[in-house]
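Got some structures for you, see below.
Look for subunit A in each of the two complexes below; its partner is subunit B in the first and subunit C in the second.
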Partner chain A sequence: MEATHSGIVLAPEDRKHEGLILAQTVTFNTVIAILGKLIKGIRLNYKRQEKIITDISRKLRLKTASYDTKVMNLSGGNQQKVVLAKWLVTNPQILILDEPTRGIDVGAKQEIYKLIYEIVGMGVGVILISSEMPEVINLCDRVYVVREGKITGLLGRKDLSEQTILKYAIGGIGHE
Partner chain B sequence: MNRETAGDIRKSSPLIQYIKNNIGILIGLLLMCILISLVKPQFLATKNLLNIVRSVSITAILGFGMTLCIIIMGIDLSQGSVIGLCSCFCAWMITNVGAPFWLAVISALFIGALCGFLNGALLACFPLPPFVVTLASQLIARGFCYVITRGNMINVDASFGELGNGYLFQVIPLPVVYMLVLFVLMFLLLSKTVFGRNVYAIGGNPEAARFSGINIKKVTWLIYLISGTLAGICGVISCSRVTTGQPTAGNAMEFDAVAACYLGGISYMGGEGSIGSTLLGAIVLGTLANGMSMLQIPWYVQNITKGGIIMAAVFFDVMNKQKRKKI
Partner chain C sequence: MDKYILRLENITKSFPGVKALDSIKLCIKRGEIHALIGENGAGKSTLIKILAGIYHPDTGTIYIDEVPITMDSVLTSQKSGISVIHQELSLAENMTIMENIYLGRIPRRKNGLVDDRKMYEDTKRLLHTVGLDDLQPDEKVEKLSVAKQQMIEICRSLSTNCKILIMDEPTASLAAAEVETLIKLMKQLKEKGVTILFISHKLNEIYEVCERITVLRDGKYIGTETVEELSYDRLINMMVGREITNIFPPHINKPGEVFFAVNDICSDKVRNVSFDLRKGEILGFYGLMGSGRSEIMRALLGIDKSKKGDILLNNEKIRIN
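Right after this comes the complex of A and B.
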């Protein structure tokens, strides 16, 4: 919670259990982390809410029948976009994505990758946690390989390959 | 296209939305009224209708607090006993201490708030089941009723009765006025404030709410505090209604409140429901009781009917949920 205030936010791995309130609308979920800025007493700044949602959903190319659609009726990819939207509207400095493409179909995965590039373009630092090799190799500038809770290797953009990552992940064959 | 549909939904006024959401129970209420009034035309007399709303008001006020608890998948079973405790305390303050009415009322409300505060403290700070905690505090509060009154009733000066038996403009019973004021306050609190949205968020998905930076502890605590305070208000009203502090006051009232919530269509799975539907649920319960009494149906048959209706309400709620899941 303190981290949220200092600009570091986490989009959790298991979006259905930890990221979204499925029975509520797209609007409800998108603004949930910035309610304090939108509501003063009993007055909701409707125009501002509207603007924030249209802006972010355009940026993320969110596909939904309306902003009053319940999140449970959206596709996996669009649900993930709502999770991203929820955090992007807080203007974070660092966004941690934990397995952002788990349970999403292939087309939507590409879309999420594109979005991650765009988010970085907006000036947000992204930490991507992933166990999918191609995802890591294609998206990351710098990779820390973690094995059993310990960082076993740091790879720059130019040494990135499945082989090197695997080497560190399996446990430093090179040292033997 | 997308934006248009979004606009359409918003354009329909809150009242129409309310009717749409509660269409089933509204039709049921209407049918019930028509049936009863066909047999007993006196049912529709203004005096009788006012009687119904007056008897409904305490259930409704309790129900408002219970609504909050049920939305976050909790429950407050101590409400009925807190009514008794506050009623006894209020009477004790007036008769035994000789406190002025206003002080007695305020201190009784404070006792109610304190009960809620303690319930909330336990439930917010420890992962305890609300059912068990409030069941225990129900017993404790009921015990204190007898401690205060020493098992007898405490009679109060008759002029205190004005608070619960009086009328506004000589027409509207005062408890109904309190209920309406609290209705507006609670409605605004739940549907317009950050607190209200947080309540729905926690009920919908506590984990996600926590990850979104919502202070679950604070919200839970406040909910039980509100529930206790509302029960305190009911305690003062019921003390004034009969101008006695009775240790048995409010016995099993919390179940009427729960019934009103479920009848109104508040989901037992949490995260859904509104103050408006609870009010409607309380009205249906009150109308049912009044109508059956008018038709001279014995009270035990009334209980059977009430129980059956509550069961049916929850049954349809669950069936609806499953249908939606399949789609």
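Right after this comes the complex of A and C.
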């Protein structure tokens, strides 16, 4: 079984190369992962496609001139929303977000944070990879700290402080 | 001779919406190995790019041998004796070692033809300096390991007679034995009078080779100390304390039961990773750049081949490869 079929999806860090087809429309990018379900015989179910897109973009508060706009013309924050839309329409059980707020402005960041809460509210498990300490401390229920390909610490919400996280992230002197 | 070979004063650099560097100072003594340390986003990379002539500072002055330099291009930086080993290797893989070393400044004979022999012999000598006597200068680079390619980059820097060698996390992608070789080489270069600015997250290495450490945080200069005087705890304290702006919605999350468990997965870059995830949980993965967070996910998803371990989703084993 492939990961996507088991309901695990990844929104990659490099959304411009791995997450989106920039020269394609919002519609195309949103349904690309579920095209198989929308096509019957040789027909594409346009009605269903439109419903899916309207629903998800309302949920994500996507700002775009139309659904035929090419995603390269969207702002960084809205591009990130299209990446989220693309995976959310597959009804995932686990959503892995790799640096979801890199390169987007503060306002858009705040929106993404709200969306993350909404997504977990639906029962989805979210794995948030982040290099932003404040993000990790404020949003996460638990945090695994990684160093040199190994997990060096697990911290619960009460123990989340910059100091502790950094100690695990950087390692001590001499006990390698 | 002047005490400082490289001195930065009040360097500020802004990008739209962010101040990446805010009145940074940095003093590098002649012949020392100086560590630059800071969390992700502290401004190290921006600072290196300024020294390499890739970015231009908004304000501030760079002094080399106490002479102010306008670092307006990569060429100026090279001419002032700065050489940077970037985190990502920048060799042309389908060219030979000697062509890579002399790329852009191939030696010529009087009649204008390429002086192969000079190139070959000079390269041979450089390879000897870094302890790679077993390599031939006319070998292609693509067959070499990452560690060796890095050495070739160092050779290239040496061939330009650089005075200041900047190494941006050179050990991030090396195995333990290779790290040792590199550290040894750094010490040798220091003996030869090369000054090194060493960017690393690994305290072991820093405390082994460096004399002094400069800490950056949030684009600001926090301080410079000798390794003897800077205890581990104090170093951590210097690194933390970023301003947390309150842009976060209140944390109202109530995770459910565990439904996903990863046991002991391994891949080329991931070692025995186990973790679990609850329904509706926001589970963080924090690590410094290159720590392997994305690689864990890649192994999990079968993008990178995982060698062992298993993954349970709703108590059912799933196969991913």
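Here is the rule we go by: the second predicted complex is superposed on the first by the 170 of 176 C-alpha atoms of A that agree within 3 Å, B and C clash if a C-alpha of one lies under 4 Å from a C-alpha of the other, contacts with A are read in each partner's own complex, and residues count from 1 in each chain.
Criterion: contacts are C-beta pairs under 8 Å (C-beta built on N, C-alpha and C of every residue); 3 or more make two chains touch, one makes a residue touch a chain.
Note that the coordinates shown come from a computational prediction; the quantities given were computed from them, not determined experimentally.
Q: Identify the partner contact of A:D105: answer first if only subunit B is touched, second if only subunit C is, both if each is, neither if none is.
A: Once the two structures are laid over each other on A, A:D105 reaches subunit C alone.
Q: Is A:L95 touching anything from subunit B or subunit C once the two structures are fitted on A? First, second, both or neither.
A: Neither partner.
Q: Would you sort A:I56 into first (subunit B), second (subunit C), both or neither based on which partner it touches?
A: So A:I56 meets neither subunit B nor subunit C here.
Q: Hey, is it subunit B or subunit C that touches more of subunit A?
A: After superposition, C is the partner touching more of subunit A.
Q: Using the touch definition from the top, say if A:L10 reaches subunit B (first), subunit C (second), both or neither.
A: both
Q: Identify the partner contact of A:I32: answer first if only subunit B is touched, second if only subunit C is, both if each is, neither if none is.
A: A:I32 contacts subunit B only, not subunit C.
Q: In the superposed arrangement, does A:L74 touch subunit B (first), subunit C (second), both or neither?
A: neither
Q: Touching A:K150, do we find subunit B (first), subunit C (second), both, or neither?
A: second
Q: First (subunit B), second (subunit C), both or neither: which does A:Q24 touch?
A: In the superposition, A:Q24 contacts subunit B only.
Q: State which residues of subunit A lie in both footprints, the one left by subunit B and the one left by subunit C.
A: In subunit A, positions 1, 10 sit in both the subunit B and subunit C interfaces.
Q: Using the touch definition up top, name the residues of subunit C that touch subunit A in the complex.
A: Going by the criterion above, the answer is residues 17, 39-41, 201-204, 207, 232, 236-237, 239-242, 244-245, 247-249, 251-253, 255-256, 259-260, 269-275, 277-289, 291-297, 300-302, 313-314, 318-320.
Q: Would you tell me which residues of subunit A are touching subunit B in their complex?
A: By the definition above, subunit A touches subunit B via 1, 4-5, 10, 12, 17-24, 28, 32-33, 35-36, 39, 41-44, 54, 64-68, 86.
Q: What part of subunit B is in contact with subunit A in the complex they form?
A: Touching subunit A: residues 2-3, 5-6, 8-10, 188, 192-194, 197-198, 200-201, 204-205, 207-209, 211-215, 271-272 of subunit B.
Q: For subunit A, which residues count as touching subunit C in their complex?
A: For this pair, the touching residues of subunit A are 1-3, 6-8, 10, 13, 93-94, 96, 98, 105-106, 109-110, 113-114, 116-117, 120-151, 154, 157, 162-163, 165-167, 169-174, 176.
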